[in-house]
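Both complexes below contain chain A, partnered by chain B and then by chain C.
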Partner chain A sequence: MFRRGSDRAGAVHGPAHTVLAAVLPPAAVPVGVVPVTAGGTTSAMFRPRTVGEAVEMLAAAHDSGAAVALLGGGTDLVPALRSGERAAEVVVALRRVLELRVRGAGADSLTIGAGVTYTDLAGWSLSPGLARAARVVGSVQIRNTGTVGGALGSARPAGDLLTFLTAADAEVLTTSPRGSDRLPLPRFLAEGLAPDALVTAVRLARPGGPQVYLKIGERQAAYPAVVSCAVLVDRVRHRLTCAVGGVGLLPARMEAAERYARDEVDWSTGTVSSAAARRFGDLVVEAATRITPALPAGPRGSAEYRWHAAGVLAGRAFARCLHVTAPPASGPVGDFAAGGQP
Partner chain B sequence: MGGEAVSGGIGRSVRRPDGPDKASGVFRYAGDLRVPGMLHARTLRSPHPRARLGRIDAAAARRLPGVAAVVTAADVPGVATYGLIVADQPVFAAAEVRYAGEPVAAVAAVDVATARRALAAIEVDYEPLPPSTDPERVLAADAESLHPAGNLFREIDIRHGEPGVDGPVVVEDRYVVGMQDQAFLAPEAALVSPAADGGVDLLVATQWLHSDREQLAACLGIPENLVRLTLAGVGGAFGGREDVTLQIHGALLARATGAPVRIAYDRVESFLGHPHRHPARMWFRHTATADGELVSVQANVVLDGGAYASSSPAVLANAVTHAAGPYRVPHTRLRGVAVRTNNPPCGAMRGFGVPQVTIGHEAQMDRLADALGMDPVELRIRNAVRPGDVLPTGQVLGAPLPARELIQLVAARPLPPPPTADVTGLALPGGLPAAAEPGRVRRGVGYALAYKNLLFSEGMDDSSAARVRLDLTDDGTPRVRVHSACAEVGQGFVTIAGQIARTELGVEQVVLAPADTAVGSAGSTSASRQTWMSGGAVRGACVAVADRLLARVARAADLPAEVVEAPRRTLRIAAGHIVGVEAGLRIGIADALAEGPIEADYTFHHRRTTALDAEGQGDPHVAFAGAAHRAVVDVDIDLGLVRVVSMALAQDCGTVLNPLSLRGQVEGGTAQGLGLALMEELITVDGVVVNPTFHDYLLPTIADVPDLDFVAVTEPQPDAPYGVKGVGEAPTCTATPAIVAAIRAAVGRDLRRVPVRPQDLVDLPTRPDLPTGSDLPTGSDVPAGVDVPTRAGVDPAGGASTA
Partner chain C sequence: MTAVPADGLDAGAEGADRAGGAAGADGGESYRLNVDGFLRTVNGASIGDSLLTVLRDTLGVTAVKDACEQGRCGACSVLLDGRLAASCTVLAADADGTRVVTVAGLGGAGLARAVRAMFLAEGAVQCGFCTPGFVVAVTDLLTRHPDADEEEIREALAGNICRCTGYGRILAAVRAVQAERGALRSGDAHSSGETQRHGETQRHSDGGPDGW
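What follows is the complex of A and B.
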C-alpha cells in the first residue's frame, strides 16, 4: 500500500535510492523520496516536478539497473504491484509534473498531456468524440485518477482511449535522455517505450466531422469493454476511420471498411445508403475474424461473439456519423444494425 | 407480553446500531483489527488443480529476517482434516493438492511484505497430475478416485407416485448453471492470539462460531474449551463463511510463534479461499394433461462439489427435494448426485441448492405453458401446492404456504410503462457506453415461483441458545443484556434481538453482548434460520426472565402462592412497570430489580424432522417460505445485452418483525439472483479460476438493479416465535429464473445456461450454451414406451417441447 505525503527528505530505503541519491540533481531528492511498499517489494518513490527531472530520474534509475515504473494515476500500476504481477524498485510519480497536465489546441491539432485525466477530457468541447470515450471509462473514481499516459502505458486490448486514439491516427510524444520524439500510435505500440523514456503527450487532428464511440460489456455501467468501436468522419478530407477494440491484442483499424466508406459515402451531403451501412458492418466482421494475434479466450465473450458485436457496433457508429438514405421500414437503422453476420 | 409504549419493539423499523458506522466507513471489520506486536500471516496456495505434493522446503523462508514461523501439513498436531459435515479437507495439502488455490503452507512475519517474500521463498515440489474437472465423468467406472473417500459425496433418489405414468404433453431438456461466488465485500480475516492457558483466542468473521470451534479444537488437538472465538465485524457472508478457511492456519501460527497473528485474504484469495455455489447440470422431464395439470416430473441433478465435501451432501438434499418446485405432482422421480472433481470446492450459498433447481423447473414450466398454449401464470396457479398437499418426499406441506396467492399477487402488480422511442442512456441495455438503438430493443416479461426450506433439515436439531440478563445500570435504569452466539453477518439480528427483548421485558435499553463461544451455540447464520431460531432463543430467555421478575414482585407483594407460581395470569409488564390491575399493583421494573439482577438461559429447538429413507421419503424439512418474482427486461437483440427494467416480488414472510430489515433482505436477495442471471460467474479453465477479481467477476451495480416492487404476505408461521419465517433466501431463488424467463420471452429462444451471456442471445455460427458429450440422461433414460422428443443440447435449434 502506498504511504504518501511524507515530505521528510531522504528516507533511505534500499539500494536503489542510495545509488540514485548520488546521481540525482539535488533539487529532485528533497521533494520526496518516499519509501513505498506495494506487494512484496519495497520501492523508492520519486516525485519530479518537471519532465526534465523525470527523465533524469528515469535515466539514473535505469543506469543503476533498478526496475523502474512510471506512476500516472496508478489505477493499473498499483494493483499490478500489489499482486506481484509487476515489481518496481523505483517508482517515478508524475502527478506533480504540471507540464504533463496541460491540454491544448492548435490550428488543426489537439495536444493532450500524459497527465490529463479522463475527467479532464470528459467535458472537453473541442473533441466531443474523445470526451465521450472518456466519459464511459470505468467509474467516477477511475476517471478522476486514470491518465492518458497510463492508458498508453497499459495499452489494454479494449482500452477506451486507445481505441479512440487508434481511429484518430494519433501521434505519441515521448521524451528520453536522447531528446523528444514523436511517433504514430501503432509504431509506439509495436515498439514499446524505451525504459528511460516517458510519454509526454498525444496529438490528434481537430475533429473534422461527427465522431462516435461505443462500447459494450456485461452490465449497465462501470464495465471493462468486451468490444469497443470508434468511427471518426472527416468531412473535409472525405475520410472515415474505424477502430475496433477487444478482438485483437490491441485495437485494430478496419481498413477495408474504411476504404469502402470512402467510396460509398456521398461526401457532398454526408449521406450513405442503408445497404452500404450494412455492408460496412459486414466488412468489419470479416476484418475482425482475421485479426491476428486474436485476443486469447477470456472470461467473457467468445471470439465469435466479439466479431459479431464489432460488426454491430461499427454499423451503428457508422450510421450515427452519416445520414442514411432510404431507411427500411423497421426504422432508420433497424435493418442493418443486425448486420455483421459472418 | 404487553410491551406497549416501549419504543423499538417488534414490528418496528428499528435501525441497525452499526448502520451509521458502516455507511460512514468507520465500522471495524475483522480485517481492520490490529494489536501491538502482532504478526501478519499469509497463505501459500497451489497453482495446480491437481498435483502430487513432494518435498516442501521452507528453510530459506524461515531464515528470512522478520519471518516468525512457517507451518505446513507436518505442523498440524491434531486431526489433519476438517469439514462442515465430513472432515475430508486437509488443513494443508499433504500428499496431493486437489484444487488450484488449495493451501499448502502459511507464514507469519513482522509485516505483510515479509510474509509475501517468505511465501515466494518456500520451495514446493509439485508433480502435476491430470485434473478431473467434468462432474459428469468422475463417477464413470474407469474414473480415477480423486480422494481416499471417493468421488461421490452423496446420491439421492426420490421416488414418489407410480413410475412410468405420464401425461400427454411432454417437455424435456437440460440446463446448466455456472459457479456463482458469494463475493462478500470484506475478505476473510481473523486476529488470533495465543493464551496463557495453552489455548487460543480468535476474533474472526464467520457464520458459525461453535462449528469453527469444534473444527479448530480437533485440528489443534486441544479441548474445545481452550478455543475461544469472538465474532469480529463481518462484511457479508451469504454462505461463504460457513466453512473454516483461515481460522486453523492462524491458530497454528499464533501457537507456533506465541504472538498474536493477523491472518487475512486479499480479493483474489477470497475468491479462491471459500467454497462457492455449486455449478449444476440438470435434466428435467415434465409431463402434463392437455389442460395443464402436472402428471409427472423427473429430474436428474449433478452438482459439482469440487475437491472437498464442504456442505455438498446437504446442498444436494435441498436441490433434489425441491426439484419439482412448489407444484402438486402426483408422480415424481427426482435424482441427484454431488460429486468430487478437481474444481474449486463448493458449499453453502444463499438458497443452498434451491436456486439451481428453480432455474430448471421454472424454465420447464414456461416451456410447458408454451406447449399447452397456456399463460405461464395460469399454469403456475393451476399447479401451485397448497398446505396439506403431499410433497415428493412424502412430507405433508404445512401451513402457511400461499404459493397461488404469491404468483397471483405478483402478476397483478402494475407493469412498467412500455419503452419509448426516444429513450437514451442508462435506460437502454448496455447503458450509456453501448448507446443501443431503441428500435432494436425488445421487451420481455417473465415469472418464477419457488419455495425454499427454512432451518436445517433431515433430522438435524440445530438448536440455538441465548442468555438474557435484566439488571440496572449505574444510574439505576433497567437494562437488558442479551448474549447469543448468533453471527451478525448483515441479516439484522442486532436489531431483532433488541426488539424482542424490549417487547418481552418492557425495557427500552438493550445491549447485545459480543457474540462468542462463552455462551451456547446459536447454530449457523444460514438456512434462513436466525430470526426464527436465535430470535426464539432470545424470546424464550426473556420470557423466563420476565416470569422470574413477576414471581419476585408477586412474592414481594405477598400475593397468593398460585400467583407466585403462575404470575402471568395476574401480572404483566407494561412500559417499564409491572402492573397487576386486579391486585391494584404497579411497580417500576427498576424497583423490582433493586434486589438484584435476573438472568435466564434458554435453548430453542425447532420441530423434529426425519432423514430420507432409501426411496427418498420422509419428513425432511421444518417449513418452507414461498416467493414469486416477475421480471421485465429489455434486450438489445443485435448485441444480446440485457437490462432489467423492473422486478416485482411477492413473498411469504410470516410475521414481519422489522419492515426495514425485511426490505434489505429481499432487495439483496433479488440483486444476488439478478447477478446469477446475467453476470456473476467464476469461470474455471481446467480447474483454474480465471476471473478472481472484481474487474472480471462482475457484480450488479446500482445501475443494474431496478427498484423492487415488493409485497409481503404475512400469514404467521404457527410454530415459530411471533409467527416469523426466514426471508433471506427465497427471493434469491426466484429472481434468477424470472429474469431468464423474461429474456426468453424477449428474444424468443430457449435458454439453457445461466448466467445468460450476450453470446447466448444472438445468432452465431456455433451455439456455446451447453457442454457437449454429456452423461446426463436424455431420451434414452426415460421409462420405456414414452415418446421422447429431440435430444436437447445436440439439436442446436433447441427446444424439446412437444404437445
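What follows is the complex of A and C.
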C-alpha cells in the first residue's frame, strides 16, 4: 500500500507508528507470504522528509522486528537487494530528506551531510583534497548518485572516502531516538550503526596543507579500489597523517610512518629528503603487514601484493605532498616522485 | 498501463508529492513515475524493484537496456532530475517525484538529435545494445561541458561499456558533435565565456597539492 499524505509533517508526527503499523506486515508474517519477485523480500518503503521523521520511522520499523535498510543513493544497496546479497523487509529512503544534503564550513571544520553526493564533493573548493578523492570514485553515474552516508553505511574495505576520512580524523554525526551523537570514525566503523540510528553528517578539520589520495585497482568506473592511501599534511601543527585502505577489513592509520614524518620533514619549507620518502613507504609496508583483522585472501590480490601496493602508494602520496630533495642518481625514489595515476 | 502527459515539470513534482510517504507491496496500490514527460502509473511492481526493472518489465520502456544490474555497465543510464544515473541502482518507488528521462525522452531536436545523428554517421553503433546509454551519457556530457577535451570525454564515458566498437568510433562521434555544435555556437560570447571558466576550474582543482 502506498501512503498518501503522510509526507505532511502533521500526518507523520505521532501517527508515524500508526502509519507503520498499517504498512508493515507484522513481523510474524512469514517472509514467504510477501510476493517474492525480482525485488526480493522488500515489502515497505518509507520516504521521510526530515531527519526527525526518518528516525521515528526507523525506530518503529526496528521495534516491529523487521529487517530495515537505509537507502541513500542506492549504488550499493539496490544491486545487493537484486542479487540477494542483502535482504530488507523495510527500506527507509532518504532521498527527500533535504537537510541531509547540506554541507557547510565552520571556522575550523567542514561538515558534510550524509546525503551529499560524490559529484557535490568533487566541486567543493573548500576541501580540494576531498574533492580530488571524490572525483576518482566510480563513474559519473555512481558519483551523481552515491552519497557520503552510503560510503559510511557500506564501509567497503578500500572505500575511497573511508580511507580519506580515516586519515582526516573525521567524526561521524548520528541521530537516534536517544538524541544526537558524535563518534570518531574508527569507533563508528568498529561498533557499527545502532539499528535505530541514522548517520546525518561527517565532520572533519579544514585542510591545513596538501592532501593526496591515491588508489590502485581494476577499471575505476566499475570496481572499487583494491588498495588506497591518503596522506594529509597539516602545516600549522607540523603533522602528517596517513591511512591505508584495502589491506585490513577497515582503513588503518600508519602511525609509525606518521611519527617518522613528523621528525623527518623540515616544517618551515615542507622539504624532505628522497631517502625519507623511501623510508616512509617502507614503514607503511611494515605496518601494513601487521594490520588486523586482515582482509581474507581472494580476488583482491594476495596479501603480499596489497602490502607492496600500500607502500608504493604511500611513498608516492608522501612525495606529492612535500618537496622532495633530488634523489641520488637513478635512485628508486624517482619512481615515487614521478607520480601519475596508479 | 496508463500514460498521461505530465503538464510540465511542476505537475510531475506535485503529483509525486501527494503520492509520497511510504509504499507497500500488496499490489492494490500504486505510485507514479514521470518518465520522458509522461506520468505513468505503476501497478503491481514489488517495492524492492529497481527503476530499471519497473521501466522495462512493468512500463514497457525498453529505451533502457538491462545488462549488469550492478551499476557498472551504463546500459541502463537515464537522467534522474537532470543527473546521469544508472537506473539499476535506483529503487523505482523512490523515484516517485523525480523526473526520469531515457534516450527516448531526450527530444528530437538540438543536441540529442545531433548526438544520435553523429553516432550513425561515424559508425559508433555496432550491435547497438550500449547505444541508448551512451547517447544519454554523451548528451549529458555535452550539455554540461560542450568543449570537453579528450580526457574529459573519456572520463565522462567511463561508466558506459561497449564490447563492439573499441570506443574509437564513439569518441569520433562525440568530437563530430562538438565540431557541428561549435560551428553553430561560434561567435556566441556567452558560451565561450562559460567554457573558459570551466577550463580554469579544472586547471585549479586538478593541479598538484597546495604549494608551500
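Details
Heads up, the rule we're going with is that the second predicted complex is superposed on the first by the 284 of 342 C-alpha atoms of A that agree within 3 Å, B and C clash if a C-alpha of one lies under 4 Å from a C-alpha of the other, contacts with A are read in each partner's own complex, and residues count from 1 in each chain.
Methods note: contacts are C-beta pairs under 8 Å (C-beta built on N, C-alpha and C of every residue); 3 or more make two chains touch, one makes a residue touch a chain.
Quick caveat: nothing in here was measured; it's all calculated off a predicted structure.
In the superposition on chain A, A:I142 makes contact with chain C only, not with chain B.
Once chain A of one complex is fitted onto chain A of the other, the partner contacts of A:T111 are absent, as it touches neither chain B nor chain C.
Contacts of A:S176 after superposition: neither chain B nor chain C is touched.
Contacts of A:G84 after superposition: chain B is touched, whereas chain C is not reached.
Taking chain A as the reference chain, the count of touched residues is higher for C when chain B and chain C are set side by side.
By the touch criterion defined above, A:R47 lies against chain C but remains apart from chain B after alignment on the C-alpha atoms of chain A. In the superposition on chain A, A:G209 makes contact with chain C only, not with chain B.
Applying the stated contact rule after C-alpha superposition, one finds that A:S154 touches neither chain B nor chain C. Touch criterion met: A:G301 reaches chain B, while chain C stays clear of it. With both structures placed on the common chain, the touch criterion links A:A222 to chain B and to chain C.
Within chain A, the residues touching chain B in one complex and chain C in the other are 37, 39-42, 82-83, 135, 219-223.
Those residues of chain B whose C-beta lies close enough to touch chain A in the complex are 111-113, 116-117, 120, 266, 268, 426, 429-435, 437, 439-440, 637-641, 643, 678-679, 683, 690-691, 695-698, 700-701, 703-704, 757-759, 762-766, 768. Contacts from chain C toward chain A in the complex involve residues 17-31, 45-50, 53, 57, 69-74, 77, 80, 83-86, 88-91, 93-94, 96-98, 137, 140-141, 155-156, 158-161, 201, 205-206, 208-210, 212. Chain A meets chain C in the complex at residues 1-7, 11-12, 19-20, 23, 34-35, 37-47, 49, 57, 71, 73-75, 78-79, 81-83, 88, 91, 93, 95-96, 119, 123, 125, 128-129, 131-132, 135, 138-142, 144-145, 207, 209-212, 219-223, 233, 235, 269-270, 320-321, 323.
Note for the complex: chain A touches chain B at residues 37, 39-42, 82-84, 135-136, 214-226, 298-302, 304-305, 308-309, 312-313, 316, 330-334, 337-338, 341-342.
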